[in-house]
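Have a look at the structure below, then the notes.
Lettered A, B, C and D in written order, each chain numbered from 1.
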Amino acid sequence: MWQIEVGTTTGKVYVTLIVLAFLALFLGFIPVMQALPPRGRRALIALITFFAGLVFAAEFFLPVDKKGENWLSPAIDPAQNTLQIIGAMALALGTYGLIRLHLRNIVQQRSQWGYSVVLIVAFLTMGFFSVWKTLAEKGELRQTEFLQKGFTLLFDNMLVPLEATMFSLIAFYIFSAAYRAFRIRSIEASILMFTAMMVMIGIVSLGNIISYSWLGLPIEQTAEMEQNPFSLRNIGYNLALPRIAYWILQALNAPVQRAIEFGVGIAGLAMAIRLWLSLERGIT
Amino acid sequence: MSYQHAADNWFSAIIIALIATAVLLNIARAKAGAQLYIRRIPGLDAIDEAIGRSTEMGRPVTMIPGLTAFGVVAVQSLTIFKYITKQIAKFVTPMRLLTADATVYAVAQEAIQDAYNEAGRPDLYDPDNVRFLSDRQFAFASGVAGLLQRERVAASFMFGEFFAESLIFAETGNIVGAIQIAGTISFTQVPFFVVACDYTIIGDEFYATSAYLSREPVLLGSLVGQDIAKLLFILIIIVGVIAATTLGKDDEFIKLLGMPGGWDAFWKAIFGGS
Amino acid sequence: MEWWQNFLPLNYERVGVWASVICTFAIYSILYRENPFYRFFEHLFIGLGAGYSLGPVLTEALYRCWYLPLWKEGYWAWAPVVPFGLYLYFIYSERYGWMSRLVIGLLIGANAGLFFQEFASRQLPQLNSTLSKPLWITSENFDITDGQVLKWVPLVLNNWIFIIFLLAVLTYFTFSFEHRGPVKRVATVGRWFLMIGLGAMFGNTVMARMALLIGRIHYLLSNWLGIPVGGG
Amino acid sequence: MMEQQTIWHRLLMIDRRILYLILFVNIIIFLLIPVKVPTVTSPPVRKFYDTIEQLQPGDIVMVSSNWSAGTIGENRPQLEAVIRHLMRKKVRFTVISFDPQARDISFRFISRVTQEGGYQYGKDWAHFGFLPALVAGIKGMVKDIPATIKQDIKGTPIAQLPVMQGVKTLADYKMVIDITPAGTVAAWIAYRPKDLIVLFCPTSVMAAEAYTFLDSGQVAGMLTGAIGAQEYEQLLQQEGLGTPFAKAISFSHALIILFIILGNIALFMSRRAQGG
């Protein structure tokens, strides 16, 4: 009942008609919804938000049978596929906004609009190659050598190095900030800085050179050292810089991260409930 | 080790229900007009002190919401900036609010105008003081750094979501000798702010600051509800650890508190069921 | 072949390497000063990124999740999803802008509904693992039949540290009551413990950023200048 | 007193471009100098290696590669080392990306590495391409992979891939290895099937936060950035990108610590000189 035969071209035309019919339907909704008063609009948004959440929340909370499923479980797959489609359209919204902004810069001849032309040309060229490549992979279009070379030049030799270099700039900023901005100005800053330095030395091979090559501390912990932890050899083992760094990370840092996790989790749950029930005033 | 359904351990459903009730109940109380108490965090004293010292220097004060896109965090950053603007309006200290998001820029114009009206100095509001520099990370950062140096800013307030460019703000602010107060929920940037700024408001404290200033019912109620949840977690940890030490850590009661499959194991141990 | 014939961009592969090197130095030019050369390549970068996303985001995702089930398998019920999603693109219009929040509401609502499982699955196992940290050497938890108590002492000490750090930092993040007397001391110590965690994050973040720069310099040395630096 | 103050003051007011140059030159030197740097395996890397060692030939593993060009310096050494280890264990693996650019980058690097190891696309490994919604994608795969993914990156239906014989849901997998600069591991931890092991290859920025998951056992092992990849390569006795990077990272850390101390001394001295 939910499936119609699409093997033949008439089947494909049929599907296209159905899609166009829904398109017309949703266009028709626009004046109807526009007539809604602001309170009605907010109610409609709140309703859609609530039901979108209800599908997943109910499926999680309802009891399950032996196979670990309840009557809502079959709805998960179509729901997740809908989220993939809407998610893809939402991602493309960012690109839509960016291109719209730069096209307006060109049309209104705003200052520096020359750079917007560069951006639009790059967008169209890369868009052409990227869509062609994806469809060629799916077998909808032919894979040609021109496509191969063009995409590799634009992607591997321009987009990848540009992004990698952009991210690597931060190393320079950290270095100059380390010299000029990172001050031991309070107890807190000194605790943080001392821990950071111990970790920075311990997790890289610098710590190995100092504690194992120069100081010659034991590298391995033998069973005998485990038996009496306060023996000189075991204390020596644990005083090696890599061991100190690992102890800071595993014994001191882990509980702090767990406390932050609990804070983030509880704040996230409160936020999820507020958003699900559309209680948030600022944005809805 | 993971939950597919609440039925894996009904303890999870109980905990979520308790927290949800605490949050929703307190939001309802706050909306009904109850005065919910939020303590004044030390960060606010640091802000007032920074405002005081910046007025003596007579140089401008900058407010930077970072790259925060318009949303819950941006609205709360603007709440804090409104408070700061109202305080500096008394000393006629010039201010600059620099944004990287077009929507935040538009909403910020209104917020700063409201702040000056509420401070009784509508004449001080100048639309040029709220600026949209650029929506790209490093272009925005170099724009902010340029302004900080040109105007030899007295104080710089950074509230919102920050990424790697926060280093440029903090370093330039240090060179210019500005007092810097930062507040962010982006934990990866908090370490840099702590060592580069005079005071840093960390994680949940950011929400507490905006709730304290705005007295907005949903924020207050939610924060009080979250506090109850944290106290509940603390209680479970204390009870659980004592039980683990005395009864042994593989005891059914310990498994009940959160381990998937713990619910059935606990009932089976108690009632010796099927 | 002279070395310079291999070095200069004479064949396709070398043209690619030179293009990559020019892009790298263009971005690094901002370290000297904001300049038109940097601004040109920055806009090129943003344009390429936006153009590239049309492939996987629009083509692959919509092809796989909407075009296939509809035109290849015939499940006509998927027809309304994209028309409904098109309301998103009214976001910039004054009159119809609010309709985009119908679609955004669907996304927000779905993610909120999904969060309950994440809260249970992510926080509760951590809570449970915190509980299985015994604070005293007793026969229930430790095999002390051979009288060897000493070897468990480091583990128990670490458990004490874990619980104290966890409770102190949690106390620091409470706001609905005044921090006075002992609670104030616990919260202050909690902020110091927080600084230790932040110090660990600081050390790791520095390492991450250095590795990214080293990756770029490694590319310049080995792929462009052909200096054998190891690691292929 | 005056010139002493100017020395410290001038030290503080060094032009930032000189600092950038010092860092740049430092890295070049330590990339080129063949200094043999001893490494000791840190416990998270040891656990990571041992977990993969337990795999039997024919097991199937999910590789979630979500990194794009921005973090290539850290995630590429990890990905290549992991793929080499899986090939050595004769284990089947499928790859998925929840980031658009990660899709193409992972496909290109894995294709290159698998050619070295004689792995054949379709028979030994497959790439599922890009999925926009992370959480929904995982939940879908837990129930039914062919229904969620439908086609692989080359457009072949999932059910027809030889590598997927006898595999219908995520529960049939032995483990998932998440190589990512972002918080995708929390979604894997939260929505995975009950006993699917999670291994984590973060950029170092994310490593400190993950120690709570290591402590609770939700994550079985972890490679921290390029250093983690280098220790892992030592265990695999196969030198990759990690080794040259680790050497340069070590000495750039030394330089940073030196400059933090220098900066604080310069400030202290210049302030004392003004105050004195």
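Just so it is clear, contacts are C-beta pairs under 8 Å (C-beta built on N, C-alpha and C of every residue); 3 or more make two chains touch, one makes a residue touch a chain.
Since the model is a prediction, treat every value here as computed from it, not as a measurement.
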Check your understanding: Given the two chain pairs A-D and B-D, which is bridged by the higher number of C-beta pairs in contact?
Key -> A-D
Practice item. Could you pull out the chain whose C-alpha mean position is farthest off from that of subunit A? Key: B
Practice item. Report the most central chain, judged by the distance from each chain's C-alpha mean to the global C-alpha mean. Key: C
**Study point:** Distance from the mean Cα position of subunit D to that of subunit A, given in whole angstrom
**Key:** 15
Practice item. Report, in whole Å, the distance between the mean C-alpha point of subunit B and the mean C-alpha point of subunit D. Key: 30
Review point. If you average the CA atoms of subunit A and of subunit C, how far apart do the two points sit, in angstrom?
Key: 6
Exercise for review: Let me have the rounded angstrom distance from the C-alpha centre of subunit C over to the C-alpha centre of subunit D, please.
Suggested key: 11
Check your understanding: By residue number and range, which residues of subunit C touch two or more other chains?
Key -> 30-31, 46, 49, 52-53, 55-57, 60-61, 64-65, 69, 110-111, 114, 116-122, 125-128, 130, 162-163, 166, 170, 173, 194-195, 197-207, 209-210, 212-213, 215-216
Study note, to complete from the structure: Each of the following residues of subunit D touches two or more other chains, namely 20, 23, 70-73, 100-101, 104, 131-132, 136, 139, 151, 189-191, 205, 208-209, 211-212, 215-218, 224, 227, 249, 252-253, 256
**Study point:** Sites on subunit A at which at least two other chains make contact
**Key:** 60-61, 79, 81, 83-84, 87-88, 90-91, 138, 155-156, 159-164, 166-172, 174, 176, 178, 180, 182-184, 188-189, 192-193, 196-197, 200, 203-204, 249, 253-255, 257-258, 260-263, 266, 269, 273
Practice item. Please give the residue numbers of subunit A that touch subunit B in the complex, ascending. Key: 59-64, 68, 70, 101, 166, 169-170, 173-174, 176-177, 180-185, 188-189, 192-193, 196, 260, 262-264, 266-267, 269-271, 273-274, 277, 279-283
Revision key, fill the gap. Note: in the complex, subunit B contacts subunit D through residues 1-4, 8, 187-188, 260
Practice item. Can you check the complex and tell me which residues of subunit B touch subunit A? Key: 3-7, 13, 16, 19-20, 23-24, 27, 70-72, 75, 135, 138, 164-165, 167-168, 170-171, 173-175, 187, 191-192, 194-196, 198, 203-204, 207, 216, 218, 222, 225-226, 229-230, 233
Review point. Considering the complex alone, what residue numbers of subunit D touch subunit A?
Key: 12, 14, 16, 19-20, 22-23, 37-40, 42-43, 68-73, 100-101, 104-105, 108, 131-133, 136-137, 139-140, 143-144, 147-148, 151, 153-155, 208-212, 214-216, 224, 227, 246-247, 249-257, 259-260, 262-264, 267
Review point. Which subunit C residues qualify as touching subunit D in the complex?
Key: 31-32, 49, 52-53, 55-57, 60-61, 64-65, 68-69, 110-111, 114, 117-118, 121-122, 125-126, 128-130, 162, 197, 200-201, 203-208, 210-218, 221, 227, 229-232
